[in-house]
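Naming follows writing order (A, B, C, D and E), and every chain is counted from residue 1.
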Amino acid sequence: MSQCTRVGLVAVVGMLALTACNGSRAQGGSTGEAVRGGTLHVLASTDLEHLDPARNYVTSSQNVARLIYRTLTTVAPKPGQAGGEIVPDLATDTGRPSDGAKTWTFTLKDGVKFEDGQPITSKDVKYGVERSFAPDLPEGAPYARMWLVGGDRYKGPYENPGGLASIETPDDKTIVFRLNRPVADFGSAASLPLFAPVPKEQDTGVGYDGRPVSSGPYKIEKFEPKKRLELVRNTHWDPKTDEVRKGLPDRVVLELNLDPAVVDQRLVAGQGADAEAIAMEPIGAATVGRVVNDPALKDRLITGESINTRFLTLNTRRAPLDNVKVRQAIAFALDKDALRTVRGGPIAGDIATTLLPPGLAGHAADDQFPSADGKGDVAKAKALLAEAGLAQGFAVTLDAPSTAGGKAQGEAVQAALGRVGITVTINAISPSAFYSTIANTAQMHDMAIDGWTPDWAGPSTYLPLIFDSRLITSEGNNNHSQYHSDAVNKRFDEIAALADPAAAATAYGELAKQIARDVPVVPFLWDKAAILVGPKVAGAYGHVAYVGRVDLATVGLRK
Amino acid sequence: MSLLETTDLVKRYPVRHRLTRRRIGEVSAVDGVDLAVDRGETLGLVGESGCGKSTVGRLLTRLDTPTSGTVRFDGRDIGPLREDELRPVRRDLQIVFQDPFSSLNPRHTVRQLLSAPFRYQGLEPTEPVEDLLKRVGLKPEHASRYPHEFSGGQAQRIGIARALALRPRLVLCDEPVSALDVSVQAQILNLLRDLQDELGLSYVFIAHDLGAVRQVSTRVAVMYLGVVVESADRDALFGRAAHPYTHALLSAVPVPNPDVERGRERIVLRGDPPSPLNPPSGCRFRTRCPKAADVCAVERPVLREIAPGHRVACHFPEERTP
Amino acid sequence: MSLLSVRGLTVDFPSGVRAVDGLDLDVEAGRVLGVVGESGSGKSVTSLAVLGLLRNARVSGEIRFAGQDLLSLGPKAMRALRGDRMAMVFQDPLSCLNPYYPVAFQIAEAYRAHRRASRKAAHALAVSMLERVGIPEARRRARSYPHEFSGGMRQRVMIAMALCLEPDLLVADEPTTALDVTVQAQVLDLLRDLRERSGTAIMLITHDMGVVAGLADDVVVMHGGKRVEAGPVREVFHSPVTAYTRGLLDCVPRVDGPLPHRLPTVEVP
Amino acid sequence: MTVLPITRPADVPPLRRLLRQPSAAVALVVVVLLVLMAVFAPLLVWTSPTEFDSAAVDPALGGLPRGAFGGISAEHPLGVEPVSGRDVLARIVYGARVSLLIAVLATLVSVVVGTVLGLVAGFFGGVVDAVVGRLMDLLMSFPSLIFMIALISALPEANREALLVLVLGGFGWPYVGRIVRGQAMVLARGEFVAAARALGAPRRALLLREVLPNLTTPVLVVATMSIPGYIATEAGLSFLGVGVRPPTPSWGQMIASAVPWYAADPAYFLIPGGFLFVTVLAFNVLGDAVRDVLDPRSVRR
Amino acid sequence: MILYTARRLVGAAGILLVICALTFAVFYLMPADPAQGACGKACSPERIAQIRATLGLDQPLPTQFAAYLGGIVAGRTYGSLECGFPCLGFSFQTNQPVWDALTSRLPTSVSIAAGAALLWLLVGCTAGVVAALRRGTVWDRAAMIAALGGVSLPIYLTALLSQYVLVVQLGWLPYPREVALTDDPVGWFQSMLMPWCTLAMLYAGVYARITRSEVLENLGRDYVRTARAKGLPEVTVLRRHALRPALMPVVTIFGMDLGALLGGALITESVYGLPGVGKLAADAINSADQPVILGVTLFAAAFVVLANVAVDLVYALLDPRVRTV
C-alpha cells in the first residue's frame, strides 16, 4: 500500500513529473538487439529514498534495488499488464500456502550467492525480514509486521536477538512463514524488498542503507546520496539461477536529483554519454510538444503503463462537503482535462472515470459524472449546489504540495471550482510534510490533491486500505476522505474471505462503483509514463510494477 | 571669589589599540590644573596641540566630566551635576567653537539655530533673532538662510550670537579664530572685545596663537602636556616670561617684520613634545628644556608664585626683567 | 634671467572660476620668494601650475623655468623636470605621504625616478637625506611608516624627499601651517639652513606674514588671483604701497610691540 | 590656513539636479510608470490574472500555448502561461503590485529599524552600541537566503506577503543600521551636538533635532539603493518556492514556473524576466543618481 | 596579534553558536515531524515514539542542542551508530553523515565560487580602473552602464537565458553537470563556464563600481599629487599610489563575498542543477532534513564569519597603520 502512496507522493510532488502506467506496448527506440557490455546511464530527477531492503518502499528505489538484491519472488520482466505477474526469484516457486493460507513455505534455489561468494541461506532471508521490525529502520512495507505471528511485539534483531519464532528455517534452503490470518497473495508480498536476504555479519544497521550487500547482478561501487550511484558487476551472481534479470551493461551509473527539465533536455539532445542514458522519470509537460512534433524523438519515447490513479480527495466529515450532493457537484465541476494538461496532456494518461484503473484486475467501465472532454459539467454542478441550498457558493481549503506541479494542480482545481462559485484557498504544504499532514485528521482540510497505487497489480492493496472507516486513525491515516459506510465495510470483510482471486477482483470492481456514488474522492487521471531513452538504448519498456518506469533489470545497450 | 575656578582638575582617557580595541593605557590629558577666571576678565589659555587646553575647555563647560578635581562656577561645583541640574548653569556658561561650520547644524536655518537656546532651556525668547544678528554684525534677513550660505567669518558670528542669546556671564572661546583668514580673525577678535565691553562678559580664550591671546586676554595661562607651566597677567607673561617653555614659545612666533625676524636671538626647541601616553618623570618639559638638570627628572615642579599674580612651575625660572 | 619667470599666468577651472588672473612673478636663483595671500587668493593654484600638477584646468600665460617654456613642454618632459630640477613641499605632510610605504622607500622612489640607482644605493641616499634634515636615528627610522612620525618629522621627511635630487627650485606650499609654533620654528630653521648650504631657490607660499619676514628675500602679495604688490621683503614690509598689504601686516595680532584696543582691519582692493 | 568649507550645491533643488541626468530621468519615468501600473492594475487589464483559458493552449503538446512567442494574440498581448492559459500581461501587471509592495514595505521596515537602532547605538555608544553591534554582526553573518527559506517554510502560511516583508526587513536592517550607526557616531562627536549640549538640550532633542535630520541623506540613499535588492530577493524567494502563495502572481513565481519551459516557450521566462530586469535596473540607476545628488562624498568625486 | 586573532576566533565561535541555536529553534517551528517523515505512512504512534527516542527527539530541546554541540566538538553516537568528529549528525533522508554530504559537495561549490570570483575580479577591477582613469569618457559611461546592468540581472534570468542561447539554440556548450576537474578538465571547464559567467556578471558590476570610486578617491589624495610632484612615471603613480590603496576595500568586500558565496550559491546551483552546498541546502529545506539544514547553515555561516576574521587580519597585515598600534 504504502508503495503506492509513496509513488503517489513522488509523482504528485515531483516537479511536473508524469507518472504513467497502463498498456505497455510501446517499444520505441528499442529497435536493434541489446548486447552485453557498456555503461548504462540513468538520469533521475528524484532521489533514491532508501536502498536498505528493510526500508525500501518506493517504486523507483525498488526498480534500482532489483539490480542489487534478489527477493523470494519478483514481478515478471514483461511489458504491459503481464508485468504484474509474480514469478519466482530466489525461491523455486511463488510460495506454497498451507493451513488455509496461514502458513507459507519457500525453498531457495541452489547456487545463489552474495557478492562475497557466500551462499545465500534461508537464515539470511529470515534475518532480512526481521530487520524490517527494527525501529531504527522505519519506512518499509508494513506487511511482515501486520501478518506474522508475534509481529506486534517483536522489535527487530537489534533489540530481540533471539529472532522471530514465526519465521522458521528448518534447513538452509527452506523458509516457513506463519501468519496470524489467511493471506491469499502472500506470494505477491514476497516480491517486496524486505524479503531480500541480508547477511547478519555484514549488517551495519542504519548505515546499511548506503551499502547493501549484493545478491543480484550488480554491486555498489560508489554511492553519494542525492548525487550519484555507480553499480558494477557482481561476479558471484550466476545468470543461470536468474530467469528475470538480464544484467546486460557492465556498469550502471545513476545521476540523482537532477533538474527534471535538464534531464529532458539532455535526453532530447542525446549526445555523448547521454546517448546511452535513460530517464528515470517521465518527461515534463514542457517537453511534450518537442517530442510529439519530432518523429526521431517520438521513436525514442517509451510509454509505460501504470496502475496509479490520481484523484481529488474530499473530506466527508467537513461541512458542506459532508453533503453528498455537494460532493457530486464538485465531481461535475472539476475540469479533469485541465488537471491532465498540467501533467502534460494526453501523453500523461487517460482521464479517469473510475477508481480502479483499466490495468488493474476488477476494473469495470463506468462514468457517473460524465462531461464533454472531461472539462466538467458546470450546469449540472450548479443545479446540484442549488439543490443543496448552496447556489451562492462557499469557500473551501485545498491541501496541495508546495511544488510547482502541486501548485499548478491546485490552481487548476481553483479555477475549475471557481466556475460554480466555490472559492478555493490553496494550502501549499512542503512536500516532505504533505502526506503526514493530510494523514492527520486534525490537519487535513476540505480537499487534497491525492492518488493511490496498489503495491502489486491487484485491488486488495487499494480499496480496503483507503475506504475502510475502521482503519481511520488520528495520525498516519490513509482514509483521507474519512469515508464511512457500514455497508462498504461489511463488503470488504466478505471479499477478503473469498478464496478465488478473480472473484474477489470482480467484487472489488462492483464495490468501486458503489463507493464512487458517495464521491469520497474524484478520480481524474489514470497515469501513464512517457519516458525518453537515448538512441543507443535497446530493450527498454515501461514496467507496470514500477509505475511505468523502464525496467532496469532487462534494459541494455545496442552495438 | 572667582566666577569660575578649578582645583586640581584631572582628566584621563583610556587609550585603546587601534585594531583590537583593547585598553592599552591611559592618557592624562589634563593632570592637575588650577585656574581661576574673575568677572569681566579674559583668561587666555595657550599651548601647542595636545597640551590639554581643549580638554580643559570641555571640562569647564561640562561637556566632559572630570576624572577628579573640581570645577566651581559661581561657587558651585558643577563637576558632579546631572545634565538636568546642569541646564540652568548652562545659561550662564556658553561656548564658541573653533570650526563655525561644524558647530552649526547644517540642517537648521539661522533662525532655528538662534532660537534653539531658548527652546532647549524651556524659555521664551528674550531677544528677537534679528536683534541677535545685528548685535554680531549680521543682517536680519540672514535669519532664513542655512549655515553653508555664509562665509567662515559670518558663520562664526552666528556661533557667537548663539552663545550670547541666553546672556551668559562667561563664554568659553575654543580657538574661535584659528579656522579663519587673518583679515577675518581681526574682525572676530574685535567683535569679542566689543561684546565684552558692552555686556560685561568674562571669557576663557583658548588658542595656540599667542598673538591672538595677547590681543584679548587679561590673564594668560600656558599649558604643556596637561599641566599649567606658567600663569600671569598678560603684560607680565608677554614681557617677563619666567618659564623656559613660555620663552621658547614666544621666540618661535614669527613676527611680520624682516628686521626683527632676522636680528633676533631665537630659542629653537629640540625634538617634539613627548607622548602624553608616557609623559616624562619630574618636569614634563625637561626633555626639551635647555636648562634641564638632574633634579628636573626627579621632582615635579609645583606652580609657585614668583611675583604677585605670576606663577610658574619650574625649578629654574628666568629672572630676567625687560 | 630669473630661474622661474611667470608672466600673465591665468588659470581657469571648468566650474568657471578664474583662480589666477594674469599673474606675474619671478624667482631668482638662490633666492627665496614669498607668495602671501589669504585663502582663495590663488597662491596654491599658482604653485601647482608651475609644477604642472593642475588637472582639469586651463592654464594660459607663460611659465619659464631656466629658460624653458613649461606650458609648451610635453607631459614627459615636465615629468623629467618635476622632482629633479624643481620639487615641492606641501602643507599637510600626513596626507601627502603614502601611508602604505616606509618613508625611505618614498624618498628613494623619488630618486630612482630620475637617476639610475640600485635599490640599496637609493635607500642609503634616503637615509643620508633623513639624517641631513635632522631625523634622529635615521637608519632605524628609515623603515618606519609615515604614521609613526610626528607632524614636524613628517615635514622633514617631505623636505628630504624634495631635496634628494638637489633641485634648483623648491616650491613650498604652506610648509609650516599644519605645525605647532615650536616645530614651525624648527622647520623654518631647516629651510633657512638648507638654502644657505645648497643654494636652492625657494618659492614659499604662505598666509603668514611672519614666516615671509623670516625667510623670504622678495615677496609677492596676492589677492583674488591677482598680484597686489611685489618687491623685496624689506621694502614691502616697511613701506607697503597698497592698503591691502598694509592691512594684512597690521591686522595680525602680535606678541610684541604696542597693543591696540581694536585691531585694524583689511581693506579689500 | 586653508579650511575646506562644507560645500553643498543646494542652489539647485535636488530633484532638478536628478533630472538633469538623462539616465536618471528615464529611470524615474520607468519607476513612476511601474508604480502607476501597479496601483491602477485593475483599470489597465480586464482579464483576471487567475482565469484559465484552455482554448489558448494545446493539451496534446503538453499545454504549450497556441501561436508564436508564447501565444501572443490580440486577446493576450503578452501571450499566455503554458498549461493554464492564464494571461501573462494580467499576471505581470498584478505581479508588479506584489513585487513593488513587498520591496517598498521591506525597505520601510529595514529603514525604520535600522535608523532607530543605528542612531541609538551610534549616539550612546557603550553597552547599547555593543549590543546593537553584535546583533548586526550576527544578522550579517547569517547565510540569510538559506535561513530565510528555512524560516519562511517553517512559519505558518498565514500571510506570506507580511511574512516576506518582515523577513526581508529583518535581515536587511543591519545594512541600514551600520551606515546610520557610523554617521550617528561621527555626528554625536560633532561640534554642533556639543553646542546643543552646551545650550542644555535634553538627549531626546539631541537625537531627534540635531542628529536625525543629518541622517536623512544617507538614509534616503540607502533606502533607494536597497529597493532593487529587495525586489530581486523577493523574486528569488518566490523562485525558490517560498514566495507569495498561488494564485497571487509575482514575477519571481512566474519565472520559477517558466524554468521547465525555457526551451519550449522562451517567451514565458523572457517577459517576466525582462520586466524584473528593467525594474531592478531602473531602481538601481535611480538609487545611484540619488546618491550622486545627495551624498556630498560622491559630489566631491 | 596572536591574541587578537584568538579573540576574534572566539568571537566568531560565539556568533556561530548563536546562529546554531537560532537555526535549531527554527527547525522546531517546522510543520514536518522528522520522526513521522522517517517512519512513512504505515506508521503506528509507538513506532514514531521509538524513532523519536533513537534520534533523541524525545529529549528536551536544550538537551538535544547540547548533544548536538557536543557532537560537533567530540563526535557522538546515535543508538548503535558512531558519528565521528566533527559530527553534524546524520541526514534523516539519506542517513549519510552531514559532514560527508557537505564535504562531498564542496568541490562543486568551490569550483563555482573560485572560478566566478577570479572572473569577476579580473573583469570588475579592470573595468573599474579603466573607468576611473578615463573618467567621464565613453569608456567610463559604458563600463558603469554595464555594471549597473549586470547588478540588475537576476541570476536565474541570466542562467536561463544563457542556457537557452548557448546550450539549446547554439549547442556550443553541454548542459552543466558535475564533473571533477581531475577527471575531465575540458568537461569541467565547459560545465562551469556558464555558472561562472552568470555569477561574475552579477558581482563584476559591484566590483567595477567600487574599484572605480576607490581609484578616483585615491587619485584625489594628496599623496598621489606628491607622487606626481616627485616626477614618477604616471604608470608608477597609478600602480603604487592609487591602485594599491584602492584595493584595500576591494579585498575587504571580496573576502566577505567569497565567504557568502561558498556558503550558498543557492540559486546558481539550483538553476544549473549542480550538486553543490547550495543545492544541498535547497533540497534539505524541501525535505525538512533538520540535520542537513543545520549543518549547511552553520557551514555557510562559518565561511562568512571566518571570512570576516580573515579580512580583518589581512587588513591588519596590509595596512601599516593598523599593524603597528
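Going forward, contacts are C-beta pairs under 8 Å (C-beta built on N, C-alpha and C of every residue); 3 or more make two chains touch, one makes a residue touch a chain.
Since we're looking at a predicted model, the values are computed, not measured.
Where touching is counted per the definition, the chains common to chain A and chain E are D.
Of all chains present, the one whose mean CA position sits nearest the global mean of protein CA atoms is E. Chain C has its Cα centroid 31 Å from the Cα centroid of chain B.
Taking the mean of the C-alpha atoms as each chain's centre, chain A and chain B sit 90 Å apart. Note on chain placement: the centre of chain C and the centre of chain E lie 52 Å apart, centres being C-alpha means. For this pair, chain D with chain E, the centres built from the Cα atoms lie 23 Å apart. In chain B, 181 are the positions where the chain touches two or more neighbouring chains simultaneously. Residue positions of chain D touching 2 or more other chains: 1, 3, 153, 241, 256, 259, 262-263. Multi-chain contact residues, meaning those touching two or more other chains, occur in chain E at positions 30-31, 168, 270-271, 285-286, 321.
Of all residues in chain D, only 1, 3, 5-8, 10, 190-192, 194-203, 205, 209-210, 213-214, 216 touch chain B in the complex they form.
Every residue of chain D that touches chain E in the complex is listed here, in rising order: 23, 137-138, 140-143, 145-147, 149-151, 153-155, 228, 232, 235-236, 239-241, 255-256, 258-259, 262-263, 266, 269-270, 273, 276-277, 280-281, 284-285, 288, 298, 300-301. Per the touch definition, chain E reaches chain C in the complex via residues 221-223, 225-234, 236, 240-241, 244-245, 318-321, 324.
By the touch criterion given at the top, residues 15, 18-19, 22-23, 26-27, 29-31, 145, 148-149, 151-157, 160-161, 163-164, 168, 213, 216-217, 220, 260, 263-264, 266-267, 270-271, 278, 281-282, 285-286, 293, 296-297, 300-301, 304-305, 308 of chain E touch chain D in their complex. By the touch criterion given at the top, residues 15-16, 259-261, 264-265, 284-290, 292-293, 335, 337-338, 340-342, 344-347, 375, 402-404, 407-408, 410-412, 414-416, 418, 426-428, 430 of chain A touch chain D in their complex.
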